[in-house]
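The structures come next, written out as structure tokens.
The following pair of complexes shares a single chain, chain A, combined with chain B in the former and chain C in the latter.
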Partner chain A sequence: MDAYNIMFVILAVMIALSSFATVLAKSVLRAAAYLFFALLGVAGMYFLLGYTFLGSVQVMVYCGGIVVLYVFAILLTRGAKDKLSENTRTKIFASALLSLTGLGAFIYAIVKAKFLNSMFMTPGALTAPTEGSMISINNVGQHMLSTGENGYLLPFEAVSVLLLACIVAALVIARKR
Partner chain B sequence: MIQLNYILILSAVMMFAGIFGFLTRRSTLAILLSIELMLNATDLNFAVFNRMLWQDGHEGYFFALFSIAITAAESAIAIAIMINVYRQLKDISVGKLEKMKF
Partner chain C sequence: MFNLQSWTSAIHAWMLGMMPEWAAILIECVVVALLIITLYAVFAIVLIYMERKVCAFFQCRLGPNRVGKWGLLQVFSDVFKMLQKEIINMRKSDMFLHDLAPFLVVTASMLTFACLPWNKGGHIIDFNVGLFFMVAVSSIGVVGILLAGLGSNSKYPMIGSMRAGAQLISYEISIGITMLTVVALSGTMQISEIVQQQADNGWNIVRGHVPAVIAFLIYLIAGNAECNRGPFDLPEGESELTAGYHTEYSGMHFGFFYLAEYLNLFIAAGIATTLFLGGWAPLHIAGLDGFNGVMDAIPGAVWFIGKTFFVIFLLMWERWTFPRLRIDHILSLEWKYLMPISLLNLLLMALVVVFGLGINV
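Right after this comes the complex of A and B.
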């Protein structure tokens, strides 16, 4: 077990526990706080994969933006009083059963499927990121703004229009009448 | 050696924790938190498939990147709607949300 694997185990435990805490916490505000840690764990996983830019985006957009937005919304709407116990026991039991069955089926499918690496035709496994597997910010910019074969200019512009529409729509919907 | 399966199982756990929250929560904001969990699980899957199965490519990477941007837009709109609903009805639990028009 080198430091890489130990870090993976720490992140995996953190993500799993925070996810459970997010859906089981009594108060919505606490759920948002636990979600923050789950998102940080996913960002750490991106860093572990060598996708540092994606990890930074995750930290900035999710942990810095969305969670703060949720906390504000929860405090503004006094939604912090939500309780799991308002549900009947049967409903919680049925939901848990459904989720566990789905999880079991998923894990069975994942274990049965043979995911092979395209290059080496070996089962996919994570090794420490090398120079070739990293996607630098330079590459990201090149791909984002190119119209060629590997270009993402159209989705990039579409997302920018979407974000503009989203800002305007959020203002229109939430404005005082 | 970290196998691909380990991360896929981890994201499946995250996904189904989100589904459980989606089914049991009453407050719409808590449901949105569960949706965030599910979206993160899918993003993680995209990045992991890209990194472990197709190192030369970058499709999964960019899909995760765009997915994050779209999720941000989605939650901003959803929160605006919830705040508006709260102004009208003084309650945002799903049981009370019977009329969405105003």
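Right after this comes the complex of A and C.
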């Protein structure tokens, strides 16, 4: 086990534990706080893979944006004092079905890609990224605004239209007289 | 120019001779972290003393002058008082979130602190999205402030944290856009690269002339608001809010908020120095070779800290000169004036870069 693998295990345990805590927490506010740590752990995973841009985006958008949005929503509603609703039978059934489907898809993906074989047959397959494999922000920018083969200009602009629609909708709701 | 990299790589090679690589890296990480935390505390003490003296100067007072010579020991005694105080737990507050919040705030500001370029080769966190990473980790602090307000189970912190959150999120936008202005000028987000370019071609505030000066002014306003300092210190300034989001904190938990506030001031000034005033780059005047030689002899760390303290003085001047704004005025200042101006300014900077109008000293 080198330092890279040790960091991976630490982050994996952190993500798993805080995800469980998010789901099991009784208070909504605590769930948001645990979710924050789960998202931070995922950001750490991206940094470990050498994809620093996505890691920073994860911290900025999810930890600093989405969690703040959740906390604001809890603050503006009566959410801080709300407890989880009672578990009805349909609710338990639906959530069990949903999580089993997710687990099935996950296991199928692992088996299909033969991740387990490569993990157990050749130990140490997980290695730190080299300097050359890191994706620079220049590359990301070029692809984001190019119309070529790997260009993302159309989705990029479509997302901005979506954001504009959100802003207009927020204004319409907020300025209702 | 003195390059710290030669020292650090020599130390690394010496460590590798004695132990495996992972142990060497681990020990280096711990030592660097301790160094950062020490610097953090030292700068906080210096800044609190400076704030008191500068504030007194602007208000025609003397400031602290009883404890020690010129009141130099005043801050130390305050720190010891803070360390001895009991940490009180509020009944019916959410203990976990209440205790977690100050650590989140301090962690965010320490991570940002670690991104500053101290010297040539003296960067601690430095990679190709450095500036973006800096903005990203500084946004963790907002979560800490909101959790502090909500975890305390009290009305004052709740209103205070809501105001602080709205203000921080709003002013982050103009800070981000002014940073983008500089990124457009230098064509990179790596902090060491940005400073190196300024060392080679002249400081950004000169290179980018009009748009850079506008961006610098907007940054000074938004930076003060981002640190929750006056004239934007509403979350804790109004008498009906008592102390805002840290009303229910005592002892070192309050101390962490206090520490983070002062260090955020240092960080805001440090970023302004890095982006506009050349970081560790010495002052050069084209044509005066003797003068430039003398300036080169001064180490980069002295330049960086000196310029940062100059910007801190500007920020304190701003704080103690202007009266406090109302909360709706603060938000409309950001959304109706600063953000449109900084967007237009970004466009102006893009034109300057495209037509090559920047000055290369």
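We take it that the second predicted complex is superposed on the first by the 130 of 177 C-alpha atoms of A that agree within 3 Å, B and C clash if a C-alpha of one lies under 4 Å from a C-alpha of the other, contacts with A are read in each partner's own complex, and residues count from 1 in each chain.
The rule we apply is simple: a residue touches a chain if its C-beta (ideal position, glycine included) is under 8 Å from a C-beta of that chain, and two chains touch if they have at least 3 such contacts.
None of the values given here were measured: they were computed from a predicted structure.
Number of chain A residues touched is higher for B, counting chain B against chain C.
When the two complexes are overlaid on their common chain A, residue A:Ala12 makes contact with chain B while staying clear of chain C. Shared-chain residue A:Phe36: touches chain C; no touch with chain B. By the touch criterion defined above, A:Gly65 lies against chain B and chain C together after alignment on the C-alpha atoms of chain A. In the superposition on chain A, contact of A:Ile74 is made with both chain B and chain C. In the superposition on chain A, A:Val23 makes contact with chain B only, not with chain C.
In the superposition on chain A, A:Val111 contacts chain B only, with no contact to chain C.
When the two complexes are superposed on chain A, the residues of chain A that touch both chain B and chain C are 57, 65, 74. Against chain A, in their complex, chain B makes its touches with residues 1-10, 12-21, 23-30, 32-34, 36-37, 40, 43-44, 47-49, 51-56, 58, 61-62, 64-66, 68-73, 75-77, 79-84, 86, 92-93. Considering their complex, residues 4-5, 8, 12, 15-16, 19-20, 22-23, 28, 31-32, 35, 38-39, 42, 45-46, 49-51, 54, 57-58, 61-62, 65-66, 69-70, 73-74, 76-79, 82-84, 86-87, 91-92, 95-96, 98-100, 102-103, 106-107, 110-111, 115-119, 123-127, 132-133, 135, 139-140, 143-144, 150, 152, 155, 159, 162-163, 166-167, 169-171, 173-174 of chain A touch chain B.
In the complex of the two chains, the chain C residues touching chain A come out as 22, 25-26, 94, 96-97, 100, 127-129, 132-133, 135-137, 139-140, 142-143, 146-147, 149-151, 158, 161-162, 165, 169, 189. Residues 2-3, 27, 29-30, 33, 36, 52-53, 55-57, 59-60, 63-65, 67-68, 71-72, 74-75, 80, 134, 136-138 of chain A are the ones touching chain C in the complex.
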